[in-house]
Each structure stands twice: as structure tokens, then as C-alpha cells.
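Contents: one structure, followed by commentary.
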Amino acid sequence: MDCTGLCETLFRGGLDQGIAQFISLLAGVLLVSGVPLVTVIFLIWVERKIAARIQDRLGPNRVGPFGLLQTFADLIKLLIKEDITPTAADRLLYNAAPLVAFASVVLIWGVIPYTPYHFGADLEIGVLYMVAVASLGTLAIMTAGWASNNKYALLGAFRVVALLVSYEIPMVFALLVPVMLAGSMSLLEIVHAQGGMWFGIMAPISAVLFFISAQAETGRAPFDLIEAESELVAGFNIEYSGMKFGMFFAAEFLHVFTNAILLVVFFFGGWYGPLWQEPLIAFMWLGLKASVLYFISLWIRNTVPRLRIDQVMWFNWFRLVPLSIANVLVIATVVKIMQLLNLAPRNLIGASFGEVLPLTLVLLLANIAMGLIIVGQLRTAGQTARVAAENRASVRAAIGD
Amino acid sequence: MVPLWFYLIVAAALFCIGTFGVLARRNGVAVLMSVELMLNAVNINLVAFWRYLTPEKINGMAFAAFIFVVAAAEAAVGLAIIISVYRNRRSVIPEEADTLRG
Amino acid sequence: MEILNQWAFIGVFAVAAPIFPALPILIAWILRPSKPNVLKSQTYECGVETVGDTWVQFRVQYYIYGLIFLIFDVEMVLLFPWAMAYNRLDAFASIVGVIFILLLLDGLLYAWNKGVLEWK
Amino acid sequence: MEITIVTVAFIVFALISLGGAIGVVTCHNLFRGTIWLMVSLFGAAGFFVLLSAPFLAAVQVLVYIGAIAILFTFAVMLTRSISNLKTRFTRLNINIAAAIALFVLLVVGVIGPVFILNPDLQQPVSSVTRTTIDLGEAFARGNSFALPFELASLLLTAAMIGAIVIARESDDEV
């Protein structure tokens, strides 16, 4: 193993090389995981404040300036709450589930490139690592539901897991597109490949697909069946209380922001922006773009009503999955034709804006064509549903109901 | 790197535990889990041999990838059969699904 | 060895990650009151007493969703190396990929026609 | 033999995967068995990383822990096996003896003479030059693995249709 940076300093300072390596690794881990852990505390405040504004309320405003310290007050409250473990529960799995749920989200941050030089690990299979780690969260929910030994928890867990695995399909198909364009699964190289043009402009449909499935994966409205209080009491975490419940809660918040960051990394150019060369500014660009996407996610969450589970499932299997598959087929074909015509570079890493412009325009046109077809489809489906509802209403009116 | 036989011993142990599960467990689902263990032992062997003997070829990795496909297909169909048998006969014990025996 | 260095980071990270949530839970375990009683530790069903087993019979629909997801998952995973190498390859690679995906669509179409994907 | 970080990692993964496997075959409760299976397969994923095949490690976690585990838990719930099986094993002693005999046979008969006593076959012949991207190229080349690649898709589709046919309640029942 190589030994540079902090490790080298420690080694020169007289430490054993193995220990120096371990200490530098540990420092890296703490640094990388510090970002999400600090962020999540403020995200909760941001989310509550924005939700309040959208609903014409003030939101937290008592503890500290603008209620900024509200989250810490909540934290203290959660810490001194009594924590009930039902006698019927499987204690080991019951306690392990919140840990896995939170860890699975934190682990994603291990591969996120903050700047060209600052990242946890640059894995050859970064995209698959991220999907694999996120799928541990599904297992955690299943375990939580089962270990609680409660009918509602188990039923809620089943529904959530069925929903999560369904929406993972369009999500992963959407991720095939950046991998295909960049020719790499390393998140660092995917961002580097967007130096000429963001993938979100080349393939907007993939970005939208990823956004929608990410919204569903984190259980945000209109897909918030995970916490459908009115139907499932509370879902899979009904038996959890105190800090263990807090961990599920924090994991969900962090996951939303993680997905915003991933969306930026995959589709909106990561750290790229004007003046991106400076690491600090690069990091700010990443954070800024992710915050915008996070705000959009919150906006949708607080605006639309919850869907029924059959509608959610229908939307996934009959609209999103076929669209994501068609999207991959169309983009693969267009890219290959452009490459054979020598209109597109074979390697996007280091390609300039001018070189990728023809490819971008053609891909964008193809995406717009696909988008128009989908919108037309949805329009017709909506009109049909509306006419059917009107007919039913007029029949009821004729009966004099 | 650890010597090759380290991997072979672990894979052999995993395979034998899986064999024991297939032979001894009465529940069909547990039998399928044991089969997955055996497939996994095979996969470890395959990748270890690829890494130690022919790392310049792609075959070892490709074969391991296809074993995943087979394992997935086996799990899907196997569990479907167990569910179907359970629905019709209210039993998950493979020995009791013997209608076809003369 | 450079590659293993990256994985060593992931390894340490994987060991450290569960500690972050474990820490507040441990602190809470020290700070919180603990006065369990029989009623409190019952299974919570909005105050109604629990009847029967938690293991109510589930519908086979869940299994079918899981099954279709498994098949799609494996196919997507096989498509990732193909997508990675895509820029290096000629038109034959596109045909291979398209046939692969179309075969997958066959299964989806079957599931559509049988109506197993509709939540009933 | 010197103790390196790879050796330590190997021992940890070996303990995880064998411990998980023993959990699978001995556990009374099948949901726990599924979790043990995942633990065991996670250990195997660690082996793949050590063997410079990170792609297979990711596939292992994604396919087994992300999908097959879910499928097993669904099947466990559907068959309610916890309540109707009091005895776990059949012919326990004979089967333990058979498994141990098989292990001894493998170690003494194959691994020992061929691999432990042969110093040529202990260390890799060269470092790895093939990576995930080469695997992708092999999948898409006609003279390489293109046909098996398509057959894999066919097999999966067949498995999906077959499993739906078997698992679905028949039409008149609904």
C-alpha cells in the first residue's frame, strides 16, 4: 500500500508504517463521514422550515436564532426518551436494523467525489457499489418489520419492500446511461466525463427517471406509503421508539440529500461550474446544485397528495420500467450511430464543449421526442380516466343518488 | 497474497456445510438456502483459480458471472415450486411432495 | 496495490459506519429512563389486544414482485460491464445489447399480459 | 508466513462466511436463516475483493443481499414454515458424518496433494490485467462470450416466466 500525505508525515515522525497507514485511513473515514453527519442535523431544520413556509406556517422559531437549535433540542429529547422493546420482538435483529439502515446511507458517501482531489475511495465499480450498499437499506426495513413481531409492522415492511424493489429497476436502468456515456463506473471519471457537457442535458429523461425513483426510494410524497399513518398505523417502524426510531428518521433525511448529491454527480456535472478549479469552490458548486435539487424534492413532497399503492405500482411497472428500458435502447443506438459517423468522440473524458456538441444536440432531440410521446400518452390516459369519472358521476346524478 | 489453498479449504468447508444442509434439513426453503451456499463455494473456487492460475484470461470472471445467473434462476424457480407445493399440500417438506411416485 | 488501497478505505468505512448510529443509541441507553412493565412492552396495535399470530398468511403477489425484480436485477448487473465497454466497441455490441434487452422485455410483456403486475 | 493486512482480512472473511453458513444450516427460525445466509454471502463478497474481482463482489451483494434475500424472506412468510416444523433435521448423525467425511476426503485427497504440497500453485502467476471493462468487451464480442451472454438473458426470461406460471394462483381460483 502506498503511503503519502498524512501517512507520510506520521511515518516520518517515527510511527510504524502500518499504524501510520491505519491512522491516515481512519482520519479519511472520519473526514468523509463527517460531511453527511453534520449535514443531516441541519437538513432536518431546513426541511421543517421549508415545509412550514409552503404550508403558510412559521416552523421552528423558538430555540436559537430562526429555530436553528431546534434539532439539537429534539436530539436531547430523543436521548432521554424511554426506549421500549416489545417482549415479542427478536431482540438481536430488532436492535441491528436501525444501525444497518443508517449505515447503508452513510456508506454511499464513501465513493462520492467532493472535488477532483477529495473523495473517500475511487472504486472501479463505484456505481454498482452505490446501488449495492443502498439495497442493504431494503433488507434493514424487512428485518425491522419482521423483528418487531407486529402485524402492522410486518405488513408495512412487505409493502415498502415491494415498492422499493420495484422502483430500483428504473433507477438502475437510468444509471446505465451515464455509465455508457462515460465508459466507466467510477464516480470520479463520470464527473470528469461531464467536463464538456452535463449528462443531464444529453439525457434529461434518465435524470428525471432517477429523480422520480429516488423520490420513491426515500419514501417521499407522492410515494410516502412507507409512513402512511392513516393506512398502516406507522409502517415498519411502528414498534420503534426513542433513539432507534430517530435513526430510521435520520437515515431517511440523509438519504434524500444523498440522492440529490448523486443526481448532481451522475447528471449535473458534479463539481463543475464556473471557476471550478479551486477545490473549495468546486465543493461549493456540488453543494449548491444538490441543495437546489433537494429543494425541488421538498417542494414536490409538500405539494402533491399521496398515491394509493396500486397506482404507485401501476405507474412503475407500466410506465417507468418500459420507459427506462426504451431510454437505454434509444441512447445506445444514437450514440453508436454518431460514433460510427465520427460525429461523437469515443471518450468523453477530456472532450471539449465543441467536440460533444453534435452528440448533445442529437441526444437532446431524441430525448425531446421520447418526452413528447410520454406526455401525449399520459395526457390520453388522464383524459380517459377523467371521462370515465364524469360518466360515473352523471350516471349517479341520473339515479338521483 | 495468501496461498491458493487457503481459499480452497474455505470453499471446501462451505461446500460441505451446504451439502449437510441439503441432506439434513427438512424444510424446503432451508434446502434451497444450502444449495445457494454450495453454489457460492463453487464460485469462490472458480474465482480463486482464475486469480492464481490464469489471471490473463477473462474466462474465470465470465464464468463466475454466469453462475450468478444460474443461482438467481434456481432460487426463483425453486422457491416458486416450494410455494406452489405448499399451497396445494400445506407442507414444505420435500419428501412429502411424492404424488408422482408410483 | 493501489486498488486494494481504495478497498482498505471502504473496509475501514464499513466497520466505522454502524458505529455512528450506535453511538447515540448507546448514549441514550445510559441517559434514558427504563421502567418497562407488562402493558408497555406489549405489541402495539393502537390499544387493541393482539389476536393470534403475527404470521398472517401473505399473498403470493409479493413473491412475484420480488421474483421479477430479481430477474431484472441480474440482467441489469450483466449490462453494466457492457455499458462500460460500449464506447470501445463496434456496431455489433449494440446489436448484442439490444437483443439482450429485448429478450428481457419478453418476460415483462408476459407478466403484463397475465396481469400479475397489477396490485389487487 | 508474515501477517499482512490481506491475511487478516482473509481470516475475518473466512470466519464471517463459515459462521454464517453454520448459522444457515442450524438455525431454527428461517427468517434468521436468511439473515445468516446474507452474512455468509457477504463474507464471500469480501473474498472476491481480495481476489481482485470487485465487480463480482458488487454483484454478489447486489444480487444476493439485494434481491435473493428479499425473495427468500417473502417465501418464508408465504410458507409459514416456522409454525409447522418442529424437527429441523432428518438422519442428523449420518448426515454430519457424511459432510465431515466429504470435507476430509476433499482436503486429504485433492487439496492436500495437489495444492498444499505443490509450491508452484501457491502464489499467483502474475498480477491481474483483466478488469470489469474487459468483461464487458468479452460479453459483446462474437468470438468471445456474446452467445453465452444472450443465453443468460434467455435463461433468466425463461426462469421468470416459469416461476410466474408456477407461483401464480390459477385463474379460476381468483
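As written, the chains take the letters A, B, C and D, and residue 1 is the first residue of each chain.
We adopt the following convention: contacts are C-beta pairs under 8 Å (C-beta built on N, C-alpha and C of every residue); 3 or more make two chains touch, one makes a residue touch a chain.
Please read all numbers here as calculations on a predicted model, not as lab measurements.
Averaging Cα atoms per chain gives one point for each, and the point farthest from that of subunit A is the centre of B.
Remark: the per-chain Cα centre closest to the mean position of all protein Cα atoms belongs to C.
Between A-D and B-C, more C-beta contact pairs are found at A-D.
The distance from the centre of subunit A to the centre of subunit B, each centre being the mean of the chain's C-alpha atoms, comes to 34 Å. Between the Cα centres of subunit A and subunit D there is a gap of 29 Å. For the pair subunit B and subunit C, the distance between C-alpha centroids works out to 21 Å.
Chain geometry summary: the mean Cα position of subunit C and that of subunit D are 17 Å apart.
The set of subunit A residues touching two or more other chains comprises 1, 123-124, 128-129, 154, 158, 161, 165, 168, 183-185. Shared interface positions of subunit D, defined as residues touching 2 or more other chains, are 5-6, 52, 54-55, 58-59, 62-63, 66-68, 70-71, 74-75, 77-78, 132-135, 139, 152, 156, 159-160, 163-164, 167, 169. Contact of a single residue of subunit B with at least two other chains is seen at positions 65, 68-69, 72-73, 75-76, 79-80, 83, 87.
Contact between chains, as defined at the top, is found for A-C, A-D, B-C, B-D, C-D. The residues of subunit D lying in touch with subunit C in their complex are 5-6, 9, 49, 52, 54-55, 58-59, 62-63, 66-68, 70-71, 74-75, 77-78, 80, 82-83, 132-137, 139-142, 146, 149-150, 152-154, 156-157, 159-161, 163-164, 167-169, 174. Only residues 1-2, 21-22, 25-26, 28-30, 32-33, 37, 75, 78-88, 95, 98-103, 106-107, 110, 120-124, 127-129, 148-152, 154-155, 158, 161-162, 165-166, 168-169, 172-173, 176, 179-180, 183-185, 233, 238-239, 242-244, 246-247, 250-251, 309-310, 313-314, 317-318, 321-322, 325, 328-329, 332-333, 335-336, 339-340, 346-348 of subunit A touch subunit C when the two sit together in their complex.
Residues 1-10, 12-21, 23-30, 32-34, 36-37, 40, 43-44, 47-48, 50-58, 61-62, 64-66, 68-73, 75-77, 79-84, 86-87, 90-93, 95 of subunit B are the ones that touch subunit D when the two sit in their complex. The residues of subunit C lying in touch with subunit A in their complex are 1-10, 12-14, 16-18, 20-22, 24-25, 27-29, 31-36, 40-46, 50, 54, 56, 58, 61-62, 65-66, 69, 72-73, 76-77, 79-80, 83-88, 90-91, 93-94, 97-98, 101, 104-105, 108, 111-112, 117-120.
Only residues 5, 29, 31-32, 35, 38, 54-55, 57-59, 61-62, 65-67, 69-70, 73-74, 77, 131-133 of subunit D touch subunit A when the two sit together in their complex.
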